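Quick heads-up: structures coming right below.
What follows is chain A paired twice: with chain B in the first complex and chain C in the second.
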Partner chain A sequence: MALIKRLYNWLDLRIGAKEIVEQELTGYLLPKNINEWYSLGSVLLVIFTLQVVTGLLLLVYYVPDAEKAFKSVTYIMNELPYGWLIRLCHAVGSNMMVAVLIMHMLSTLFMKSYKSPRELNWLTGFMLFTLVQGISLTGYLLPWSQLSFWATTVATNSAAAIPVVGPYLVEFLRGSKLVGPATLGRFFALHVGVIPAVIAGLIGAHLFCLKRTGISTPPFGANTETGTHWSPEHYRYESHPGGIPFFPNYALQDLTSISVYFAVFLAVVFFAPNLLFTPDAFVPANAFQTPAHIKPEWYFLANYQTLKIFPSELLGLSVQAAAMTFLALLPFIDRSPERNPFKRPLFLACFFGGFLLWVGLSVWGHYS
Partner chain B sequence: MENDGRRKFLGVCLAGASAAAAAAVVYPVFRYLAPRSDQQGSNKIEFAESDLPAGEAKFFEYAGSSAVLVKTSAGAVVALSAVCTHLGCIVQWEKDKQDFLCPCHAGRYTPDGTVVSGPPPRPLAKIPVSVANGKITVG
Partner chain C sequence: MMMRIKFPRTLLATAAVLLGVGLFCGSARAEQPETVCIQCHGSLPDRLGAPVKLWRTSVHAENGISCNACHGGDPKDAADAMNRSRGFLGAPKEADIPAFCGRCHPGVLKDYLASAHGRALGKGGPTCVTCHTNHAVQRASLTIINEKTCSRCHSFERARVIRDAMQQTEGSIVSIDRRIKTYQSQGVDTERLGKSLFAVRNRFHSLFHEVSVTKVQGESAQINGELAKLDRDLKVIEETRAKRKVVGGIVVAGALILAILFHLLKKTYDEK
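On to the complex of A and B.
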């Protein structure tokens, strides 16, 4: 311990470490009534880091070539020591990232933390959500299995419903008329290069907004002000005098949430490794043999079912586009200063109704 | 004092748990990235004796590295590592001079791997070889 203290003092003399710790950790105060839902952002940062690390490890042996991709994944899974662990961590982690991101967004919605002046936090978060879906979709193709090949065929094909440019857009996405080696090349580039870089940049922007506006106060608990009192004439940092310090108090909550996450995540990896794989995931892609009942991943099931229930694909796509646009622009639409959801019954009804609709469509999509 | 003891005990437990968790991450990653011993090539390789005329050399992969088989003009068959002992370049067979030359720094070896000139500090490593029934068996 004495050595650590000496090292800390040595650093402090050179870079003012104590001042940084005071400003960013021990002196960084959070609302007194902050709850565990606020730690989901930290959990997501851990998941993203883990995805990058496991992704880089997979890159060591994965071959992005239509002839060799499936073989290389099989080699990683069956022959390399702990290859199965790294691949499963990556595959399960991607699903977990979407699940935790949805929980993070739902809690933000419920506690109305998206309201002004945090519109940019919401917008960057929403963009991150669509990009995480994009990185999952592009990564899904890379094992070049029957499942990935045909799920990508179905997913890319839905863009054909867009009038005029639709068919060309599908061809552009695939790099050819049908899903093939050209699709693998561009999905690989998007998955390992473009989208992670944009996600990293947007995470930076999201955290920057969080730091500049300050942490929002949960709209629950005794003596809590539930209205926003921000005047748009001047920039104001929302400080929390008398609040609880980030370190060690809330850092411990972050650590607890991360541990709970790892318990669930590793339980799936070790005890239900095939939860996310159908038998088609273990058969190499065959462009001449369509398997029966190809379904997208669970988080696209609601979109998939929406496309099916509308009489025209264009209408189904338009409804989804409208719903996504509404959600993205929610901070600009919902301008009421009241943040307590229990004082806004209409919002509460829409929140639970919307969530149940999404769950219902997903379940319907799964069994249809 | 009692509190200090408890603090120290919990600190040691935390450090131990962290070390165990770190090892549980580092060990699989190390094993995943470590070169595989079963990919080092087969232990025994056979060639037909007729494939190797006198005065010629034949390069091949052996135990994950480069090796060379040479039949001297006197008819003796020698198997050597083709990795130069100086800085690890692969030696070339010079048929006209009947010796090995390392093109990197001009190290020269006799057909049995002995250093003739140049910077190599040691002779080329010998590999067991036997000739029987018209077959050359290396390893």
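On to the complex of A and C.
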């Protein structure tokens, strides 16, 4: 301990470490009624870090070549020491990242933390959500299995419904008329280079917005101010005098949530990894043999079912585009200062109705 | 209260671009490369359409072996699909059936021709389709040797003795095959095991056309020895997976204990 103290003092004399700790940790005060849902952001940061680490480890042995990709993944899963663990952590982690991100967005929606002056927090978060879906989609093709090949064929095929440019867009996405080696090259570059870099940048922007606006106060509890009184005339940081310190109080809440996450995540990795894989995921891609039932990942099932409901794919795409635009621009549409959802029955009905619709469409898509 | 909204155009454009990924994920259509034979005959009634329905239930369909693999022709050109100049063979005459099937199953053809069945070819003896049928061909198994099928031509007694001698081996092959398939569907590399079983199964199936009881019993014993080796390899996989689950249980329990400890520690700070 004495050594650590001496090192801390040494650092403090040089970079003012004590001041940083006071400002960012012990003196960084959060709302008194802050709840567990606020820790999902930290959980997501851990998941993203783990995805980067496992992804880099996979890169050592993965070969992004249509002839060798499946074999290299099989080698990682079966021959490489602990390769199965790294690959399963990466595959399960990607699904968990989407799940936790959805929970984070739902809690933000419910507590109306997207309202002014936090429009940019919401927009950067929404972009992150879309990019996480994109990185999952591009990563799905890389094992070059029957499942990944045909799921990508189905997904890229949807763009053909767009009038005039549709067929060109499909070819642009695939790099050729059909899904093939060129598609693998494109998706690989997007998955390991472009999208992670953009995600990292957006995480930085998201955290920057969070630091500049301050943590929002949950709109629940006795004597809680539930309205936003932000005036657009000048910048104001939302401080919480008399609140609880981030360190150690809320840091321990973050660690609790991260530990619970790891328990669930590792339970899936060790006991039910096949929850997320169909047998087609372990058969090499074959362009001449279509598997009987091709279904997208669970988080795209609602989109998939929506396209099936409408008589034309273009109509289905348009409805989804309208819904996504509405969600992306919600902070600019919902301008009511009231943040307590229980005081806004229409919002509450839309929130639960929308969520149940998404779940219903996903279940329908799974069984259809 | 809803306010009048003024969206900058760039904001709308950004949102529209962002929607891209979420939108193109999940068309209901897949591109299915189906041969013109199936497209045309699949919609025809009675005699002309029946083979397609039967074929769909077959081991050939299961493995992507389509009409043209046996009957020749051009599966991509509807106009010339059945043109002799494109290699169309049509249906063989009865005496030509073994050679027709034997193009892909040369080992079985050799066994068949050496057997009592093969020696009677052209003299009222059975051909491949007599026992295996022609379009609804199933994976060869002992169930083919049954009283109903065999007694169409001769007494079932001798066939019953042979079938009983092979029963245990067949059971082991089916069980090992099921285990290999289960592991394969879970990401285990079963290529080597699958190939070994394929070789063993082929060797075993070569006995299906054999009528010497002593030879069948002797060969079956050797095949059982090879199956025992495969069984041992599969047990190693089973043990490895069981060990992983024990480690998984410890790790999950560790994470839960940590969660409880952090929560309790947080409470002590909250109370201060």
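Assume the second predicted complex is superposed on the first by the 368 of 368 C-alpha atoms of A that agree within 3 Å, B and C clash if a C-alpha of one lies under 4 Å from a C-alpha of the other, contacts with A are read in each partner's own complex, and residues count from 1 in each chain.
Here, a residue touches a chain if its C-beta (ideal position, glycine included) is under 8 Å from a C-beta of that chain, and two chains touch if they have at least 3 such contacts.
The structure presented is a predicted model; accordingly, all values stated were derived computationally and were not measured.
*Asks:* After the match on chain A, would you call chain B and chain C a fit or a clash?
*Replies:* fit
*Asks:* Mind telling me which of the two, chain B or chain C, contacts the most residues of chain A?
*Replies:* Tallying touched residues of chain A, the top partner is C.
*Asks:* Calculate the angle at chain A, using C-alpha centres, between the directions toward chain B and chain C; round to the nearest 10 degrees.
*Replies:* Roughly 60 degrees separate the directions to chain B and chain C.
*Asks:* In the overlay, answer first, second, both or neither for which of chain B and chain C A:L329 touches.
*Replies:* A:L329 contacts chain C only, not chain B.
*Asks:* Between chain B (first) and chain C (second), which, if any, makes contact with A:A159: first, second, both or neither?
*Replies:* The answer is second: A:A159 touches chain C but not chain B.
*Asks:* Examine A:V60 and indicate which partner it touches, taking first as chain B and second as chain C; both and neither are also allowed.
*Replies:* In the superposed model, A:V60 contacts chain B only, not chain C.
*Asks:* A:G83 in the overlay: touching chain B, chain C, both, or neither? Say first, second, both or neither.
*Replies:* first
*Asks:* Report for A:P279: first if it touches chain B alone, second if chain C alone, otherwise both or neither.
*Replies:* In the superposition, A:P279 touches chain C alone.
*Asks:* Tell me which partner A:N9 touches in the superposition: chain B (first), chain C (second), both or neither.
*Replies:* So A:N9 meets neither chain B nor chain C here.
*Asks:* Which partner does A:F270 contact after superposing on A: first (chain B), second (chain C), both, neither?
*Replies:* second
*Asks:* Look at A:N249 in the shared chain and tell me whether it touches chain B only, chain C only, both, or neither; answer first, second, both or neither.
*Replies:* Only chain C is touched by A:N249; chain B is not.
*Asks:* Quick one: minimum Cα-Cα distance, chain B versus chain C, in the superposed arrangement, integer Å.
*Replies:* Least C-alpha distance after superposition: 9 Å.
*Asks:* For chain A, give the residues common to its interface with chain B and its interface with chain C.
*Replies:* none
*Asks:* Given the complex with chain B, which residues does chain A contribute to the contact?
*Replies:* So the residues of chain A in touch with chain B come to 57, 60, 80-83, 85-86.
*Asks:* Within the complex, which stretch of chain A touches chain C?
*Replies:* Listed in rising order, the residues are 74, 77-79, 84, 126-127, 130-131, 133-134, 137, 150, 153-159, 161, 173, 178, 244, 248-249, 252-253, 255-256, 259-260, 262-263, 266-267, 269-271, 273-274, 277, 279, 281-282, 286-290, 294, 296, 300-301, 303-308, 313, 317, 320-321, 324-325, 328-329, 332-336, 365.
*Asks:* Going by the contact rule set out above, which residues of chain B touch chain A in the complex?
*Replies:* Contact set of chain B toward chain A: 28-29, 31-34, 36.
*Asks:* Quick one: which bits of chain C touch chain A in the complex? Just the residue numbers, please.
*Replies:* Spelled out, the residues of chain C in touch with chain A are 1-3, 5, 7, 11-12, 15-16, 18-33, 64, 184-189, 244-245, 247-249, 251-252, 255-256, 258-259, 262-263, 265-266, 269-270.
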